[in-house]
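Have a look at this one before I ask anything.
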Amino acid sequence: MVDVINPERGPVGLESYYHYDLAAIEVHKLVVSAEKQGYDGVVIACFGDPGIEAAKELVKIPVVGMAEASYALARILATKFLVISDCDTAVPRQIRYLKKLGTPDYQYAVIQIGLTVLDIIDDREGARDSMITKCRQALKESSAELIVMGCSAFSGLRSGLEQELQLPVIDPAVAGLHVCMTLVQMHLSQSKTLTYKTPPDFEIR
Amino acid sequence: MVDVINPERGPVGLESYYHYDLAAIEVHKLVVSAEKQGYDGVVIACFGDPGIEAAKELVKIPVVGMAEASYALARILATKFLVISDCDTAVPRQIRYLKKLGTPDYQYAVIQIGLTVLDIIDDREGARDSMITKCRQALKESSAELIVMGCSAFSGLRSGLEQELQLPVIDPAVAGLHVCMTLVQMHLSQSKTLTYKTPPDFEIR
Amino acid sequence: MVDVINPERGPVGLESYYHYDLAAIEVHKLVVSAEKQGYDGVVIACFGDPGIEAAKELVKIPVVGMAEASYALARILATKFLVISDCDTAVPRQIRYLKKLGTPDYQYAVIQIGLTVLDIIDDREGARDSMITKCRQALKESSAELIVMGCSAFSGLRSGLEQELQLPVIDPAVAGLHVCMTLVQMHLSQSKTLTYKTPPDFEIR
Amino acid sequence: MVDVINPERGPVGLESYYHYDLAAIEVHKLVVSAEKQGYDGVVIACFGDPGIEAAKELVKIPVVGMAEASYALARILATKFLVISDCDTAVPRQIRYLKKLGTPDYQYAVIQIGLTVLDIIDDREGARDSMITKCRQALKESSAELIVMGCSAFSGLRSGLEQELQLPVIDPAVAGLHVCMTLVQMHLSQSKTLTYKTPPDFEIR
Amino acid sequence: MVDVINPERGPVGLESYYHYDLAAIEVHKLVVSAEKQGYDGVVIACFGDPGIEAAKELVKIPVVGMAEASYALARILATKFLVISDCDTAVPRQIRYLKKLGTPDYQYAVIQIGLTVLDIIDDREGARDSMITKCRQALKESSAELIVMGCSAFSGLRSGLEQELQLPVIDPAVAGLHVCMTLVQMHLSQSKTLTYKTPPDFEIR
Amino acid sequence: MVDVINPERGPVGLESYYHYDLAAIEVHKLVVSAEKQGYDGVVIACFGDPGIEAAKELVKIPVVGMAEASYALARILATKFLVISDCDTAVPRQIRYLKKLGTPDYQYAVIQIGLTVLDIIDDREGARDSMITKCRQALKESSAELIVMGCSAFSGLRSGLEQELQLPVIDPAVAGLHVCMTLVQMHLSQSKTLTYKTPPDFEIR
């Protein structure tokens, strides 16, 4: 059973590191609360994976970001994948994140459609058409073979893209969920010995 | 439902590129046959992922190697993982494979216990003890936080290692199976547009 | 003129991504406030550079992290530098940060002395002795030629280390300050066109 | 003295990993037989270097792939080289191979002319014209300075390309042959201590 | 106080490795002489940083190259910077230098305006216009966010470029000077323990 | 026919970048003179490849450095090679050169025996014994499989090392010579279109 929970506070969209940092604080609370309530694992359902490292520190249940899950699967299915993002600033943010994950340059390309999350929610058909146009051009210019939808607002547009472009498309929310379920079923979780060790219990003023 | 099939021909153990190449030929046949029989996906259950690229070319159902699956999960759960292999030559083979997958140097270390696949099958307890000793030493020297059991003969030794070493251990057969099931459930498979395009139907003399 | 300001809230020490995320929120406020008060630039004086990317987004004056400044200078002065951190978890955090900055493996080594920030503040002499012992051993084993003190609690220990180890030691607080002053004097600041573009003014609930 | 031997079996062209794997089996046999017959060294004359690693394991005489030889020379003669391949799928295959060899991204570009090996053999003049057109465009767009002909079917077209494009062109068959002769004359061969150790003599069913 | 000294001998412009090597010999003498005269630090004011490594060996005062200084600052201010060079051969020279410094591919792009140093000195307005046109096009095609003027002959053109292109532009001479002053003020210099150890006093015939 | 020519001037040994720069000037002259005298190619017989890039610019005949040639062959014969250098400072110089050539970290290790070129020439037996001891230890600790003798003073010690260590050893002078002859026989030389374009004929004061 999967429950979808929205943080009570935070920005209505996440399109900057500033928004990610604000969201991180709420993610921490929700993750700790999920563990207390007995959930088996947590997916952070924003493509920026905000607060992911702290979340992995704070609990013993597996925490999976939808971007890291999508990239893990994409690398198994293709030599090079194309990330389609919403707006211009998402491009360097995704490139920096791909680098933090250790992804080599030749395995990805990142493009954007020049719309905000809110634009996309307002006009999904327009967003889909724009995605198809931009992807088509990028696929011609690069040798990408698979598309990762790089914004959670794109959820639901996968089948349209697959039909038009005739290649696999990864819906990050679905990827995050399945990778998390895999970890739960395998009784695996983030290692708690070093990077994701439980934080020391410092006084917080 | 999972069926385990052994190729009818091939070497009794795979401990060289030569053995991998011999196994690849059999893997091709089994993968094509599996698709014809209606299987939803295939896992290649040797840690060297022999024939993996050709297998992905030959069918439309997802084909997953147990090494690539293990590495994909390991990178989500830790900054650095330790691969424990059977014999000395497995070390450069795994390093070369990790490089072909695009894994940066700081994310892994590879060690070995100096036994062949056949030795391990003969004396599993000895193998387990040797693994524990070698891993303990390697964990002290590196900053690895998770272990990938780098030989399918190690299957079944996970819980012993986890108890002794107190960190997550990935059993590659289980990882391969779960990643494959994930792909099947997500209706995803290797992209057939470029790297894994169906081979042209050349005459084979 | 340099003013040193402590955030009013936050953990007393920063030794996890969780603490970094908590600190980031306060860093944002201080940075915005600093710009409003007419400061010419800001240095984030924690070696983890918490909130650095959002801070660069939020203002037009230059924002410099003391780790990124130290690493920039270290790479000019040596082929390989040694980062000496406080505690075990700081090692993967620094490695991940060095990677996010694009630093290749052969240019650095990271070690730690097994003390928390609070331990170091309590017993500075003990910390210094421990640093010298650990650095000496690491310098023998690697070919590092310069030391970056990887924790702001080490501030003030530079001259002792330089005398004992006879090589350059970078005090990160001083590095951060000087690199920031350099940018101010050169009328340079983070580019506001893409990565550090001012965040869109989304409603924050 | 150089003898050219064709395997008795195998696909008439090699344009997929599947074909490479089929060819590998024949390459093994020919290499072992060559050593027994007293040859001093072996060149694998397909640009994919099929079976190269197993071949190096199976014998003590030097085995050289024509792609690895071409790339080794190209890197001495230019900062960036251009590989011109036959068909679309050869592009990711060559990129993956360049990566397995450890070649950094900025040192190469790979393009293709959209013909199969059989097409090229049928219409060599058309192939040559197509190569010249594609190379000219790619040279304008990249900063490549040297061309590696990335298919053994291109053999013989070197001088035409050099005259038209006015830069060095490497014929891979010639490169493979000369690098192999160099190793023979230097009494050098692949190291047999680890990666290319003789395979253990497992029973092959 | 800053003194600007020209070597007495050497080529009138530096547009090849040959010119760099000729300049290096003069740089050595000037650097040694500067230290003897009591200067606190030295900036090598040619964008190729000719003789930089030997210069760091020969003296104890800090020696800074204007390219390495510019790149160090650029990486703090942007994810990706654009280097605008004078002539075609400067492009691979800068790429090779960026690689020697350990800069990853995704952090830079290098373009050129097709003029020699002498052309630029003759017609600065023409050079500036050409720079603006070329940068504008390159900024559209890449995701660069900051410009490094990659030739000392461009000195003085910064403000014009900044006004036209609306992003930060680094004047390398100014960057070299400020980074050098920073090192002097911090009492830091190149490590003399390994890479930049004083050369052994061999007889020079 | 091979002629060995010593520059008339320059340091008696090359153990710093300063010495390399001094040697470069003489290398230029000898290379230009060699081309005028009708030589077919040139090998620079110092393991630092001093002046290599300028030398490639100055002539049309192939110029090969003995280090770049050795590394090119080593990468074909082993996954990882061990460079044995003379003195401590040679280690970072070789690492920086390997990086400039684009060699990934996992393919090499560099060690040294703590002797100067002059020491080695004085006591070749002592040098050989020291090399064997150091290599043995390094081979145990790393997974290197082949040795590159990283100093021209080691010439002639190859067979002793091969007998003791039982793995291939590359004598760089021999490697340089054979790679150069290969290029001559293949009618190949450095590309003159970009990196190694003939330098513009600037006035040299």
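General remarks:
Read from first to last, the chains carry the letters A, B, C, D, E and F; within each, the first residue is number 1.
The working rule: a contact is a pair of C-beta atoms (placed from the backbone, for glycine too) under 8 Å apart; a residue touches a chain by one contact, two chains touch by 3 or more.
Everything numeric here is computed off the predicted structure, so don't read it as measured data.
Taking the definition of touch as given, a chain qualifies here only if it contacts subunit A and subunit D alike; those chains are B, E. Counting steps between touching chains, the shortest path from subunit C to subunit E takes 1. Rounded to a multiple of 5, the C-alpha superposition of subunit D onto subunit E involves a rotation of 120 degrees. Relative to subunit E, the most remote chain by averaged C-alpha coordinates is B. The chain with its Cα centroid farthest from the Cα centroid of subunit A is F. Averaged Cα coordinates give subunit A a centre that lies 40 Å from the centre of subunit E.
Subunit A and subunit C have Cα centroids separated by 28 Å. Within subunit E, residues 79, 91-92, 96, 99, 102, 104-106, 143, 145, 194-195 each touch two or more of the remaining chains.
Here the touching chains pair up as A-B, A-C, A-D, A-E, B-C, B-D, B-F, C-E, C-F, D-E, D-F, E-F.
Taken together, the subunit B residues at the contact with subunit D in this complex read 8-13, 15-22, 24-25, 28, 51, 53-54, 56-58, 88-89, 91-93, 96, 99-100, 102, 116, 118, 194-195, 197, 199-200, 202-205.
Those residues of subunit C that touch subunit F in the complex are listed here as 79-80, 104-106, 143, 145. Across the interface of their complex, subunit E is touched by residues 62, 64, 68-69, 72-73, 75-79, 101-104, 106-107, 143, 145-146, 166-168, 170, 174-175, 178-179, 181-183, 185-186, 188-196 of subunit C.
Those residues of subunit A lying in contact with subunit E across their complex are 91-92, 95-96, 99, 105.
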